[in-house]
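Each in structure tokens, the structures are laid out below.
Consider the two complexes below, in which chain A is the common component and chain B and chain C are the respective partners.
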Partner chain A sequence: MIRFRRLLAGLLLFLGAGAAGAQGVLLDQGEIDAALLHGPWPPPRTGDPSNRVSGIPEAIELGRILFSSPALSSGGRLSCASCHDPDNGFTDGLETARSHVGRLDRNTQGLFNLAGMRWFGWDGRSDSLWAQSLLPIIRSDEMALDVGQIADALQDGPLRERYEGLFGPADSQAPDRNLANVGKALAAYIETITTGKTPFDRFRDALEAGDLEAAAAYPEDAQRGFRIFAGKGKCTFCHVGPLFSNSEFHDAGVPYFVEPTRVDTGRHGGIEALLGSRFTLRGAFSDDPAKTGAWKVERLVRSHDDFGTFRTPSLRELTRTAPYMHNGSLATLRDVVNHYSTIDLERMHTDGEAILEPLDLSERETADLVAFLESLSTR
Partner chain B sequence: MRKRVCLAVCLAMAVPACAQADCPVPEGWLALQPVGASDAVVAVQLPSTPLPVGELFDIEVSVCDPQDGNLPLARADAMMPAHRHGMNYRPEIAGHGPNLHTVKGFMFHMPGAWQISIELGAVERQRFVLGVTAE
Partner chain C sequence: MQDFVRAILATAILLSPYAGVATAEEMPLFDAHIHYSHDAVKQVPPRQAAKILRDAGIRKALVSSSDDDGTQKLHEAAPDIVVPSLRPYRRRGETRTWVDDESVIAYIEDRLSRFKYKAIGEFHAYGSDIDKPVVQRMIALAKENGLLLHAHSDADAIDRIFSTWPGAKVLWAHSGFESAEEVGQMLGKHENLWSDLAFRSEHGSGGSVPANWRAVFEAFPERFMIGTDTFAPERWYYIKSHADFSRAWLKDLPQDLARNIGYSNAERMLEAVGQ
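Coming up: the complex of A and B.
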């Protein structure tokens, strides 16, 4: 029987009937088209016009040094790398981040492939990578540096010369300007934290090239997982495109109570913070005369549905960034799949989007979807 | 009266580009369906079909009303009927020419069925809709 099917598939292929049913490729034409939408990868590199040092090697180097320098924190206690450990997927492996004040409310995001995102932070409080990168320096529960001291901090050893070379003497600039410049150097570095082709990307490329032999190297469990992902799982409503994220905000049924009496307002609070920020793409610190990205903050539509929603995360490199969700409440990818499989609609906002519903996946389907998610990582 | 009949026939036949004789729909444009009675014909030109997901795009809107040649374009928007939500960004109407408008800055953040909605009129609004797909 199997041999007969393979024979038939070969014949179909021979007749140029497309990849459907071909040996080792389980997807039908519609599913192949859906797979193609998640590439090509990597995306073309484009600089950030709002950051004039984006892509400049000296800025990338300064950003790299700043990233692991405790000089930018009050009392020299923390650096970015304390939470975003480069050897640990640029995160800390904890449910939620820790600092001198104890446990924070949210999971430390990994910093892979951020150049293509529209919003930053779980709640999208920043509209640019540089604005997001300067926030932890001044936040009282993170690095807690008094912004007035930033010029002094920049006198530190290797920082001074490099900063001056790019931006001029720190002590001749207003503290906010120092801060924006530091954010831009950090962003220039973070933009370089990109990841290469995954098993899924090679599968997708082979499908695009019509090379079914190469495509067949992609494991069948991951292929079945993709069929659930793009099919009855409806995952591709939000996890779209090459990044597997629409960079917008949704309620994925994760509880947003931080304590019995306190909630994480998610996007709602993110918008408040954004609108109160002086570091946005429409503001004076953007280096783009055309203010290219300013439409995001200027045309934002606010809605009561923003409450308790979080940015759809990218699904690349998940094997390195456990635990998952904005509160780190799910330890493994299997836990995430089980969450979607048994999602509690009672927990969703009353007028939710009516996309997610319990999938009731079998043991094998669960394993398949996990295998697919794992295939979105380079290791 | 003849116009009404013509429109009714158009709707019954569900021909998208069907329009009244005095308001022909340009080739390659899509006529919207009026919500309620209207003599006006609203048509749009889309940058692509299907429309993109996660990218800004602009649409051209033509308005033709045999009764009132100057019906203003009051509002342009889009929503996903199945998911009961609209767009996360407000598009901007940039008129050019009396009955031709460019609406800038549509952004569909999800794939699937969307409905573009155009409202005409300064005081009393007439609404027109068109189902489109984003991929």
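Coming up: the complex of A and C.
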């Protein structure tokens, strides 16, 4: 059916090719095909089989409450929302997060459209959303809750009744079970943080339907930007599909010193954490009897080029999640484009990320690429 | 009693001048692929770099840098570890341009006149690059000075180096990123070719050596060596992890073979240079 639609779109564009330019559709057939690969949006919703409360309204509500509750932090100082501010694109707007211990190492990622991703976090230390959601609660440099105290924390106000209704009495369960359940409730809520159609999605849908008039409403600078994105920029090698992410790990040429004698090991450390975790899809806390997705951990192969690589982020809602890159070192989308335009190949291994080379974009090309990236946000 | 013994041992270790040095049971390693380039010198000062090598149990390291000042500074900081190699680059970015840059020769000649080296390289040259005047002159300088060539090259370029100078001794960087079988063929063809395993993982990921690599290690037990490849400053903080990785897969080999690949092959290769 999709192939038929593409053929129809191609035929309509071919028949109207002379007029297409006049109507403001600049892409050729190859570029249209490339654009179609970034949709449709939104993707069909699917539950998480490893999380038995995924999609359950009561769990979503408990997760929403937990998300803003300081009860899950040591001393009641922090909640998830302290860094993932719902009014600020679920980020904090800072280069790197702040906590009771001071500045942390990485940029706070937004939480949009996370359901169904392969890896979570900049270093992919979790293979499920629920496992990732519980980590900040127990990390000593984040919410720092003593896991032995979690049952007590769950007695707080509205939490107790809701938790018991879903999972049974907290104080009758082992702390790790409490923690996994909290992660699952949080994940159930975070799965609902989705975004709607963007200007690019409407353009893409119009192309698929062969509606040139509707497609022409998409600004020409954004169309030229998409040409760079899918063409000489080679951005689509990593920023693929409807999410604009391959969910894998790459060296984007961003330095990864954290302080003079310490570096952020990226995926290298993520794999170590993942292999040492008791909260994975192959572990006892997964609710999926088939252990779907356990292969991700079981088939992991360590490689020297894991070191200092970070997960390709989605590009959706970029305008709401500045600053950018794993360490928040690039303040604006223009800075990001300039980074790839002038990328320092001296940092890269000659047999490493072979697709990266300085794009040497003109001022207009830079503006066009920024216009395209901005069109991937709903506001 | 056990606690008392542990306390005595812990105190002895703290008081030892070698505190922080790799523990005795760790296999000593010769890292044959270290760079300490201009930006690394700034971000990982020589004393810190030397400490990283010692903490990882790296007893010797073949070091080349862009520019060469890094090698000299690290040699001053750790003369017992560093074996200097002269890289024909003044900056890392010259990997792509140096074969056509005649000013490289004056740079090499100047450094050779002022410092002692065991090797020239690691340099990047592929196929017919070897036939270019700059590369031919560099090879001639290696011959005049009795130096090893550390080549980041394809198999064709390796063949051309030996055609140019049949008596050359060549360390094949990254084993050319070739398959185990191809590396074996090249080692069979050239008796003065050695292979480093830098920036490759497939021969030992997960701590076990697959059959094809085991076969070639056993066929050429004196020709392979390990290397980290610190191509960016941050990679200095990977040296310890790389050493751990290397020790893990070397344990999967017979002890003598492991010792050869971990340390002795590089030492013997450098002893053979100039003979």
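The working rule: the second predicted complex is superposed on the first by the 355 of 379 C-alpha atoms of A that agree within 3 Å, B and C clash if a C-alpha of one lies under 4 Å from a C-alpha of the other, contacts with A are read in each partner's own complex, and residues count from 1 in each chain.
Definition applied: a contact is a pair of C-beta atoms (placed from the backbone, for glycine too) under 8 Å apart; a residue touches a chain by one contact, two chains touch by 3 or more.
It should be emphasised that the depicted structure is a prediction, and the values quoted were computed from it without experimental measurement.
S.K.: Check chain A with both chain B and chain C modelled on it and let me know: fit or clash.
M.R.: Fit: chain B and chain C sit side by side once superposed on chain A.
S.K.: With chain A at the apex, figure out the C-alpha centre angle toward chain B and chain C and round it to a multiple of 10 degrees.
M.R.: For this superposition the angle at chain A equals 60 degrees.
S.K.: Answer with first, second, both or neither: which of chain B and chain C does A:T265 touch in the superposed model?
M.R.: The second partner, chain C, only.
S.K.: Between chain B and chain C, whom does A:T236 touch in the aligned arrangement: first, second, both, or neither?
M.R.: first
S.K.: Let me test your reading of the model: by the given contact rule, A:N338 touches which partner, first (chain B), second (chain C), both or neither?
M.R.: A:N338 contacts neither chain B nor chain C.
S.K.: Applying the touch criterion given at the start, work out whether A:Y256 contacts chain B, chain C, both or neither, answering first, second, both or neither.
M.R.: It touches chain C, and chain B stays clear.
S.K.: After superposition on the shared chain, which partner residues are touched by A:N88: those of chain B (first), chain C (second), both, or neither?
M.R.: neither
S.K.: Look at A:S247 in the shared chain and tell me whether it touches chain B only, chain C only, both, or neither; answer first, second, both or neither.
M.R.: first
S.K.: Have a look at where A:F307 lands relative to chain B and chain C in the superposition and call it first, second, both or neither.
M.R.: Touch partner of A:F307: chain C, not chain B.
S.K.: Give one of first, second, both or neither to describe whether A:K296 is in contact with chain B, with chain C, with both, or with none.
M.R.: The answer is first: A:K296 touches chain B but not chain C.
S.K.: Enter the shortest inter-chain Cα distance between chain B and chain C once the structures share a common frame, rounded to whole Å.
M.R.: Chain B and chain C, overlaid via chain A, are at closest 8 Å apart by C-alpha.
S.K.: Indicate the residue numbers of chain A shared between its chain B interface and its chain C interface, in ascending order.
M.R.: Residues 301, 303, 305, 351, which sit in both footprints.
S.K.: In the complex formed with chain C, which residues of chain A make contact?
M.R.: Per the stated touch rule, the residues are 255-257, 260-263, 265, 268, 301-305, 307-308, 345-351.
S.K.: Which stretch or stretches of chain A touch chain B in the complex?
M.R.: So the residues of chain A in touch with chain B come to 37, 118, 236-238, 240-241, 246-249, 295-296, 299-301, 303, 305, 351, 353-355.
S.K.: Could you please specify the touching residues of chain C with respect to chain A in the complex?
M.R.: 39, 43, 48, 91-93, 95, 124, 152, 174, 177, 199-201, 205-206, 229, 231-235, 237-238, 241-242, 245
S.K.: Would you mind writing out the residues of chain B in touch with chain A in their complex?
M.R.: The touching residues are 53-54, 56, 82-92, 105, 109-112, 135.
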